[in-house]
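One chain, chain A, links the two complexes that follow: it is found with chain B in the first and with chain C in the second.
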Partner chain A sequence: MTKDGVVLAVEKRVTSPLLEPSSVEKIMEIDEHVGCAMSGLIADARTLVEHARVETQNHRFSYGEPMTVESTTQAICDLALRFGEGDEESMSRPFGVSLLIAGHDENGPSLYYTDPSGTFWQCNAKAIGSGSEGADSSLQDQYNKELTIAEAETIALSILKQVMEEKVTPNNVDIAKVSPSYHLYTPAEVEAVIARL
Partner chain B sequence: SAQNGLRSLRPPRSRRPRRNLIKEGRKRDTGHRTAPLRLLLQATNSGDSTTSPPSSPPSPTTAMSRRGDWVYENNGGTCVAIAGADYCVVAADTRLSVGYNILTREHSKICELADKCVIASSGFQGDIKALQKNLAARELLYQHQHNKRMSCPAMAQLLSNTLYYKRFFPYYAFNVLGGLDSEGKGCVYSYDAVGSYERTGYSAQGSGSTLIMPVLDNQLKSPSPLLVPARDAVTPLSESEAVDLVKDVFASATERDIYTVCFPLSVPRDHRLLLFIHLPLY
Partner chain C sequence: GKSREAKERKAHFIASVPQHPHADDAMIPNLSALENHFGAAAAGSDDLGALFSADAADQLALEFPTCNDFDGFQKATKEMVNNKKGTTTLSFIFDKGVIVAADSRASMGGYISSQTVRKIIEINPYMLGTMAGGAADCQFWHRNLGVKCRLHELANKRRISIAGSSKTLANILYSYRGMGLSIGTMIAGFDETGPGLYYVDSEGARLKGSRFSVGSGSLYAYGILDEGYKFNMSVEEAAELARRAIYHATFRDGASGGCVSVYYVGPDGWKKLSGDDVGELHYHYYPVQAAPVEQEMAEAPSAST
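Let's look at the complex of A and B:
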């Protein structure tokens, strides 16, 4: 997270050259001002994101204003806590997914980390997934509050490069930023960031 | 005997036409369902209060619906709001009436919903109380869920949705919402009975509205909402000038409107804290 916005970067983990990279979607938009990155059971994550999308649009309909990022995160965690909505659609197991929810509201940019228990924490920087321990400690060293978006992109990608087994290419990483609105980078933009590494 | 004499005037039972109660029942039902909406919209169109169903050429439906299905009452009163650069004045008179009678002289039509949002409603007080209670409860829930008080534009949208929710059995409430928006500028939202709303620089609703609006139009000269680029509708008047204007405007309405009383009791305004100015009753 920076003063101007939040940067999310994910490793796509393309397991076969036959796999279409653009179909692996691990960063999704929830609303114009909120996006989220996921790690874990991606199918479960899609349910949570869909619920968040409905909640944010309901809020816009009822109150004519964008939902704050914390409220959006709370709405996702309420669902995670109940294992689903209502009596019939609720699951008999928790949602097996951690999310990084990045957004921009009247309180500025913010980043929240959720886990299957339904708890959420606000963070300045966070890594989730299989290489998260190493990535977290690298983040602790490299993060400071005065970063610009460009610097944040570089740091995020360099940390990904450290924990990834394959080489970083525009096809096996995804970057998105929320500053102040959500934008998923095109392969060309990702290429430009890789070139700066 | 007299009874026998009376009985002889009526045709014998076998010759009177048999009433088809089932058909009559069906017609009665239709009248009942649409009566509130139809009669309410007629009332709003005429702009005056009607406390009884209007007379209409006899037809099966309306004749049946006259059977005490009129569920609204107009308790009269007028509400006015004016938005300024950093303030908003919301005023309402305090007379509650029914027909030609006064029920009380000291009834406030204004409800403070949030620290920067105040609603004034005129019409049927039963519906108004329910509506204001509903909105206040929703505001409290919002406060707990989102850790902040509701802004005036958010309350405006909520009120619109609440009113439209009862599109087919409306709240007989003519509302004016006033307050400060997120930038601290005054905002006034004006509603009809089913939730259509618009942000304006000033508004009057209620029995005296037709007397007051032309005066406000003359004094405040709001730019058309159709202009591009959009122009600010807030008035350049100072707060005390706006309060004086509101008092004058109520004085004018009182001259000719029996439902409106002079010297409004509550004129809440503010951007720091809400003050209620109590003026002597007339």
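Let's look at the complex of A and C:
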């Protein structure tokens, strides 16, 4: 998270050269001012994201303003707690996914981390997923509050590179930022960040 | 407990927008109007029978009037509220996009309740809807349509087409058919296939077209619009045509007035072009001619003491 916005980066984990990289969607837009990155059972994450999208639109409808990032996170965690909504649609197991929710609201940019228990924490920087321990400690060393978006991009991607087994290319990573609105990087923009590594 | 909370959560806005009981069966015609509700009520209400006659539980002492013409009864109930769509709105497609224009008067019978109503509703940055009929109905359902369009965008990663969004609205309005909604709206916008214009109303009609005017003043507006319309026009010419058409409608129709708002929808979205008071427009189109003076009063000699 920087003063100007939040940067999210994910490793797509393309398991086969036959797999279409653009179909692996691990960063999704929730609303114009909130995006999220996921790790775990991606199908479970889609349910959570869909719920968040409906909640944010309802909020806009009812109150005429964008929903705060914390409220959005809270709405997602409420669903995770109950294993779903209603009698018929609720699951018999927890949602097996952790999310990084990045957004920008009246309180500025913010980043939240959620886990299957339905707890959420606000963070300045966080890594989730299989290589997260190494990535988290690298983040602790390299992160500071005065970063610019460009510096944050470079740090995020360089840490991904450390924990990834394959070489970093626009086809196997995704980057997005919320500053102040959500934007998923095109392959050309990802290439530009890779070039700076 | 969990199920009560779950039921409360089910009063989620989208789920709880009261779906007509038959709304899920989109293909099955809605025959609820044919059911004789009065007959059923008279036959089955035991407690009412007990209320009026202590001994005869199955025979009611009070005869409930059975309704032979339920459709007529329903129509009469609706007529009681009847919003007569006192307004003038128009929209047309031309080579550069779509123009949408409307007046701003709201009337309650003979009383003008407002001269500053925003009758052009911004559904999203590239789609506009017009308001005619019940103001609350139009505003609510357009905002609801905005929510659905946005969710479509997020789920499909592309904007919804004008055809799609007008169909969404038309399907919703059809499911409330006969329940007294009063909406006569035009959905105008620009999508991948170019400019789009659809007329949608609370009876469930949805018409695709290139020129529409809706409201009590529409007859007058059509006169000016049809006469001056050309497909190839500049944005300015088209706006002026729309402005004149609405002005003339407000001149003759008592339920239209206030100001004329003109919007243009192009490939980059909508833009409000102008908002002019019709009184000022009148003198702009028909400036006061100085009448030739026939006899002028000579200066009276000032009394001097």
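What we mean here is this: the second predicted complex is superposed on the first by the 197 of 197 C-alpha atoms of A that agree within 3 Å, B and C clash if a C-alpha of one lies under 4 Å from a C-alpha of the other, contacts with A are read in each partner's own complex, and residues count from 1 in each chain.
Please note the rule applied: contacts are C-beta pairs under 8 Å (C-beta built on N, C-alpha and C of every residue); 3 or more make two chains touch, one makes a residue touch a chain.
These numbers were taken from a predicted model, which means no experiment stands behind them.
> Could you look at A:Glu65 and tell me whether it touches chain B, chain C, both or neither (first, second, both, neither)?
Once the two structures are laid over each other on A, A:Glu65 reaches chain B alone.
> Looking only at chain A, is it chain B or chain C that touches more of its residues?
In the superposed model, C touches more residues of chain A.
> Check whether A:Glu106 is in contact with chain B, with chain C, with both or with neither, and answer first, second, both or neither.
A:Glu106 sits against chain B, while chain C stays out of touch.
> Touch test for A:Glu50: chain B only (first), chain C only (second), both, or neither?
The second partner, chain C, only.
> Based on the A-chain superposition described above, do chain B and chain C contact any of the same residues on chain A, and if so which?
Chain A residues touching both partners: 61-62.
> Can you check the complex and tell me which residues of chain B touch chain A?
Chain B residues touching chain A: 142, 145-148, 150-151, 153-154, 156-158, 161, 182.
> Which of the residues in chain A come into contact with chain C in the complex?
Of all residues in chain A, those touching chain C are 29-31, 50, 53-54, 57-58, 60-62, 82, 85-87, 90.
> What part of chain C is in contact with chain A in the complex they form?
On the chain C side, the touching residues are 2-3, 6-7, 9-10, 12-14, 143-144, 146-147, 150-151, 154-155.
> Would you tell me which residues of chain A are touching chain B in their complex?
61-65, 67-68, 70-71, 74, 106
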